[in-house]
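Letters are used for the chains, namely A, B, C and D, taken in the order the chains are written, and counting of residues starts over at 1 for each.
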Amino acid sequence: MRRTIPFAEVAQHNCAGDCWVVIHGRVYDLTEFLGVHPGGSEIILKYAGGDASAAFAGVHPPDIVAMLADNAFLGEVSGGDGRASLEPDSQENKKSVGSDFRVRKGDSTGEEVPATGPSIKKMLRLADFEEAAISRMPREALGYITSGANDEITLRENRVAWNRLWLRPRVLVDVTSVDASSRILGFKSSMPVYISATAVNGLAHPGGEVLVTRAAHAAGVIHMLPTLSSRTLEEMTAARHPDQVQFYQLYVSSDRQRAADMVRCAEVAGCKALFITVDVPVPGRRETDMRCKGVAATLAGTTVASSATFYDPKLSWADIAWFRSITTMPIVLKGIQAGEDAVQALHLGVDGIVVSNHGGRQLDGTRSTVQVLAEVMEALRSLPGRSKMEVFVDGGIRRGTDIFKALALGAKAVGIGRPVLYGLGAFGQDGVEQVLHLLGEELRTCMALMGTPTLADIKPNLIVSDHRRCYCADEDAYQQSKL
Amino acid sequence: MRRTIPFAEVAQHNCAGDCWVVIHGRVYDLTEFLGVHPGGSEIILKYAGGDASAAFAGVHPPDIVAMLADNAFLGEVSGGDGRASLEPDSQENKKSVGSDFRVRKGDSTGEEVPATGPSIKKMLRLADFEEAAISRMPREALGYITSGANDEITLRENRVAWNRLWLRPRVLVDVTSVDASSRILGFKSSMPVYISATAVNGLAHPGGEVLVTRAAHAAGVIHMLPTLSSRTLEEMTAARHPDQVQFYQLYVSSDRQRAADMVRCAEVAGCKALFITVDVPVPGRRETDMRCKGVAATLAGTTVASSATFYDPKLSWADIAWFRSITTMPIVLKGIQAGEDAVQALHLGVDGIVVSNHGGRQLDGTRSTVQVLAEVMEALRSLPGRSKMEVFVDGGIRRGTDIFKALALGAKAVGIGRPVLYGLGAFGQDGVEQVLHLLGEELRTCMALMGTPTLADIKPNLIVSDHRRCYCADEDAYQQSKL
Amino acid sequence: MRRTIPFAEVAQHNCAGDCWVVIHGRVYDLTEFLGVHPGGSEIILKYAGGDASAAFAGVHPPDIVAMLADNAFLGEVSGGDGRASLEPDSQENKKSVGSDFRVRKGDSTGEEVPATGPSIKKMLRLADFEEAAISRMPREALGYITSGANDEITLRENRVAWNRLWLRPRVLVDVTSVDASSRILGFKSSMPVYISATAVNGLAHPGGEVLVTRAAHAAGVIHMLPTLSSRTLEEMTAARHPDQVQFYQLYVSSDRQRAADMVRCAEVAGCKALFITVDVPVPGRRETDMRCKGVAATLAGTTVASSATFYDPKLSWADIAWFRSITTMPIVLKGIQAGEDAVQALHLGVDGIVVSNHGGRQLDGTRSTVQVLAEVMEALRSLPGRSKMEVFVDGGIRRGTDIFKALALGAKAVGIGRPVLYGLGAFGQDGVEQVLHLLGEELRTCMALMGTPTLADIKPNLIVSDHRRCYCADEDAYQQSKL
Amino acid sequence: MRRTIPFAEVAQHNCAGDCWVVIHGRVYDLTEFLGVHPGGSEIILKYAGGDASAAFAGVHPPDIVAMLADNAFLGEVSGGDGRASLEPDSQENKKSVGSDFRVRKGDSTGEEVPATGPSIKKMLRLADFEEAAISRMPREALGYITSGANDEITLRENRVAWNRLWLRPRVLVDVTSVDASSRILGFKSSMPVYISATAVNGLAHPGGEVLVTRAAHAAGVIHMLPTLSSRTLEEMTAARHPDQVQFYQLYVSSDRQRAADMVRCAEVAGCKALFITVDVPVPGRRETDMRCKGVAATLAGTTVASSATFYDPKLSWADIAWFRSITTMPIVLKGIQAGEDAVQALHLGVDGIVVSNHGGRQLDGTRSTVQVLAEVMEALRSLPGRSKMEVFVDGGIRRGTDIFKALALGAKAVGIGRPVLYGLGAFGQDGVEQVLHLLGEELRTCMALMGTPTLADIKPNLIVSDHRRCYCADEDAYQQSKL
């Protein structure tokens, strides 16, 4: 039976063996939940006997408490510890947020807290947003967003590998009219770019995924909504413009009924495609984040066993047919890293795959996605039905020329992750829009200078890989000199 | 009807909607021109209602005002804001300029402002001039000259790629007499080097292109005059010695009549070849320069659309025949980056091509020009009529050995750009002459040490590319060891 | 005849021509031994006429004095210089040692000397232990442990070469149950990892090899006991748990009877396999250690000639049969660096080989062990009887992914050396256990993310070498573009 | 007519148009010689009207004044400027020089000037000597010795290229007796190493080449005497031990009679082989040295034309027969950099060649000598008479393993240059001996650890080049995975 519980009573249940916490005015007994919390028990115990609303709101949608056992909810709290809970809703519903959201987090007198770091006018390239985010975002959020697995070899490789492909521009082509507009799974996009799902955008900005969706609409690109969102699915889809398209990213729960419910909810809420993450049977180990005691330490830095309720290590190729049976959305597998798996995906008739290594956050030592993309396209090249499956790629894309290279290799579109969070964290919705604007400008300039006014003009022979930096002329001469 | 306009009246037209400026004593209404200025409106608006002569003179030839609409010229100004306009003419007409031109920009007492930086005697290699320029030139000018597109990958690659070719000297050859003299499009040159066109040399030194032409004559090399000059075509050609050869570089305007006029003027003024720039359908994005609020931000950092009057995105292979019809000058296409385009140029019968990526200023991520040169020579190798088209290369050449390598790959001559500007900016005409002197000395020393007393002795088998750094002897041994 | 010798008398024999020292209360005349001491005479002469117990105990097992000539032992000492000899035994016999053993070396008041450096809780990866050891271990011990031969090229190459192999994860495989348990020479191990023999662990911690063996048991892995141990063979084997397996590493003495005795003793003491070190016919030159006047300077930095009593330069393939005749233990050759030698080992019927370059401590300029491993597996691939010889590898393994790569290439298990010493030196037995725990966690996470729930699933095609970072798709396109 | 000239009179001839100098008490009129001095006029003009003895002695043998025109010698000087001339002879004739020769250059009170820098006992590798030389030698001498041509790319490449060859040790070989003794052109050497000719050793130490020859004898290696010596040929050969072998290096003068005289003198003085330098038709440009106003600036930094009297740009293959006609010494060509030239040398029947790029001091951008050596051995491999021509190599050899690699590629011996000068400059004769001692120790250790007790055991398959760092096992797997 639920009742009103004085805060003083809550305060007495403050240890691992007896752990109550207050979330948004409601009291929960999390003693049993401690052992299965995907983020580990430690983070919860910090709030044992206290109010965890603020910490909770930063990384969870409000409705996630539904996953608690029924008897965990004890009742409403009375009194409290005086800490105001975060109310992101009241803050994000005006677009004026813009330049620095932390102004709004200043004290109640309304005096402006001066924003630090460079202004949005100085953002000339995506890398600038990362730098701006360093001075404008909290250290913990940055640690979570920037970190990769272990030694971050793959994280770095993702980025630098794009530079190992070189461009071969063609001149004297009429490029008066450059058109980068594209179709992704049949849906119109202003360019071959979509916003990839990233977890808990609320870390970057209280408006979280809602602001990202609004920016996506402004830029004419598609937003892939994350399972691990800070805002509820309802909030995210409600923020959608009537003309706008959203996709849905799914972490498959080991509770398949729950997984089916999530898919159904996304489809009902109007999401147009289902991106199933296939590269997290267990979470990766992000030591950089763990070191700054950040989010990954709790969200993902758990051991193989304890996360089994949230990610499903049993997920296998055999499940694809089941997904097909529960939704009419196109199905895309996100996290392919080998040509063989791309071929298998094609055989099973999925609508698309994303060549991705989860932004270098899962298994360190895997190859750059651009390299895998080349392998995948080669593996698929001459297979029947090849054209029915679209291939996407994400990881390290920071320049319009990177997009061009991906398309030349055969990708249909590319996903953008961290830069969106840097834009969001540093400048709110305006930042996300500017990130997308710069990418579009750079891509169109690249297309003009490459002599390819339309996406259809982008062919593999316009790029050449690093090890082709040979000197053909002297090659023969060298051979001749040996005769 | 034109009239004398008091400066006070000018000062009232000082905004985007009503913008007058004074240039060299004449008042112009630039309100309409704001939208089509290749350099963008912002730079003009800084002088709205004021005297823009100094800023104008730094980057434009005086006669460029002819491109304004007739009704833009309102009349002569009376009074003024007291700022003296730059009078470059009176300053460059004595060669004594030499050591430091900024001395002459000191106050009117005639006291010498001490020159900073190293003296010209310390200039032992071209790289020294860049260093000297850093301490002797204004930051904005340096930003414009040194910058490349985006991340400047191609800018750096241009330079380092020369070092990936290695020399294979031959010994015991009589090199008593080393002769580097050459012919470029049939015109005599003291060495296989020409000065490539670079924009607004006035940024480096008030004497600008006039001093460069004089230095070119002293060194016996050909000067390619730029469209985007600080001095008028008349001034540049008037500075030519009777025995001297000048070429003309053309940015093709979308106004083809204007383009035809420019070609005709150049030919009439005695230019001996037409170098048509084909790699600027739209300007590149030079963020380094944009960051120091430099010239590129205004000259070239504009969007694709707004520059359409100055550069022509429609320019295509079909236009080559038209150019042939309006001039008898040899035609050279500047900015080839793929073997296929070199072949196309040969098919269309042009007289030469320049393998160039615009000094890494257009599209970042394109290959080094030395690499493209090898591809181009390979593509052309066995085509009929091959010998009628000369192949040039520019980009990153800083050493006599670089010139040797270009020739060994098959280039007829190389173009030099930035080093000339560094020499000009740091030491005036003397600096340019010393840059050319060092290159000649280095080339002749290289020829002697390579065992190639004449240019005809330079063969492809005297160089070898980096990936040939193998160890042949152990190669077979390794194979044997596996048996 | 032995007698009791006053310390004052000892003190008079204090030079190279007449050198007595006290070790653990007994007086030895080392005058003749000076010339054959593997560690050189200099270190002994520092204690000539004095008590060398402390210095001796750090690097020798007590029973090694048995190798002295009979007449070297003169008698018991009376009196002394007041320096307490180290009593490692009394210190290591409680596992509570843990966090910082130097606490126990504080003065007798029992006050705690604060431990410096990070706590064991901060150890998230093996590299952290090396850093911790730097602040927690004496400089000389570190110099000996960390150093490699000459310029330490091979030392570094060992480490970085693992990163030149890339992982190709497969997705949608059921990895609910990940099992890394393995068999090494038929003996069960919790993972395909063993602790390789390293010299004089007493340098890192007084408990030395005894603590390492206990940690090995806790982690379920096999410990290879070193010839050059700080603790006696009896102590090391006595510390073994009934269920535990130990191997024995042998430096072959040029006195073959002594070598035979050592093998027999090891077998009798219960060691289950004999690892014969074959890469030390003469000691390597470790200049880094010599520079900090460390252990290698004396132990190994001797000239070729003087070490001949300890290592045997005559050891050859012909001796293998003799070893087979004196023991029933499986025989493994440790230190193979060429495919040809692996083939030879197979022909001679040894039970295993260790691809090893002695941790980069012997000959600088040899290849990484991962590269040699690939060569060895290739050389053995199709030979008859191949499956009867197990191949191990050590050198630079610091990550679970490194273990995975070794197994994918064909190794049966990997050896860990320095990280164990860092763990031991920084945190005692707890440190070694944590090192092994982290490796196991990382390996299992890697297996899950690679889609390989059992070791049998790990196949060569799951890895790809660095030079395969090609872009297949554009390769053909490039060829086509040339047509 | 010669006379005694008061110093005051000399002092009046002190300009370029009238230039007298005093050398070792004799007055010379160098006015005409200014224009042909190989080192340029500037250095002489510093002493115009004064005493140049000290400066002269540092870089010239006394008898070089014989090359002046007869009328240049005016007479003996009387009086003087009080500057004592250097008397190297009196200083080098005792071997005790050793630790720091500048002690002996202290003031006459005999008080010791403390030597700076590390002691010779700390010299554990050749690189240590370079470091020691930095603190123990004058800046100008260092600048001359350390510098390479232009950007010093080849200088660095020489060194690092050795590290791109890797060693494949073989184990279980009896290496009880390691023998590195060798024959060079038939003459016995304690190891396959000789001291290569380097110019003006007096810069490093007043004892110059005389001390080097003595150290060579102590170490049992051959010394190649330089044309550009600080000491006379007579002094150098007089310092030779009866059992010792010396070679002679020749710069071929454009005055062939003079060249013939030099060869004859060398042969008469007992030199056993003639090494003709073929890579200096003109001097290289060493900017590092020029910048510190060092010796190269004057010795070698001259223009092509002015050095023609000293080096001969006419020297060609046709001259080889003439050299054969004037001497019975074996003839070796020093400075071969291409396989074709090695083949040509073989055809002409020379007795040996040195693969060398003059220590990276001539033409920057040429390949490492190890790479050229591989090419040369490959080119010569199957030619008739191959075995009659010995192949040597120098450049960047600093380790015993480098020597081993050279021998494995097929070299008969290696030359050592700069390290000898560093040893000489820092520690006199002792330093040179220690340099040679370390090389020998390292080579023998390498031979033992490689399983090659004699030089004849060193085969090509014991080394493997960098680009062979492949992973054979996964190669096939990768291919299979594509099927």
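Convention: a contact is a pair of C-beta atoms (placed from the backbone, for glycine too) under 8 Å apart; a residue touches a chain by one contact, two chains touch by 3 or more.
Since this is a predicted model, take the numbers as computed values, not measurements.
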item	value
Far-end chain from subunit D, centres as C-alpha averages	A
Equivalent interface positions on subunit B and subunit D, same or different at half	different
Cα superposition of subunit A on its sequence copy subunit B - rotation in ° rounded to nearest 5	90
Interchain centroid distance [CA atoms averaged], subunit B/subunit D, Å	45
Centroid distance [mean C-alpha coordinates] between subunit C and subunit B, Å	63
Residues of subunit B whose C-beta touches two or more other chains	165, 340, 464, 481
Parts of subunit B lying in touch with subunit A, wherever the complex brings them together	150-151, 153, 161, 164-165, 278-279, 281-282, 284-285, 287, 290-291, 303-304, 308, 313-317, 319-320, 333, 335-338, 340-341, 344, 362-368, 370-371, 373-375, 377-378, 381, 408-410, 459-461, 463-465, 467-468
Subunit B - residues contacting subunit D, complex	122, 124-125, 163, 165-176, 178, 399, 401, 405, 441-442, 444-446, 448-451, 464, 469-478, 480-481
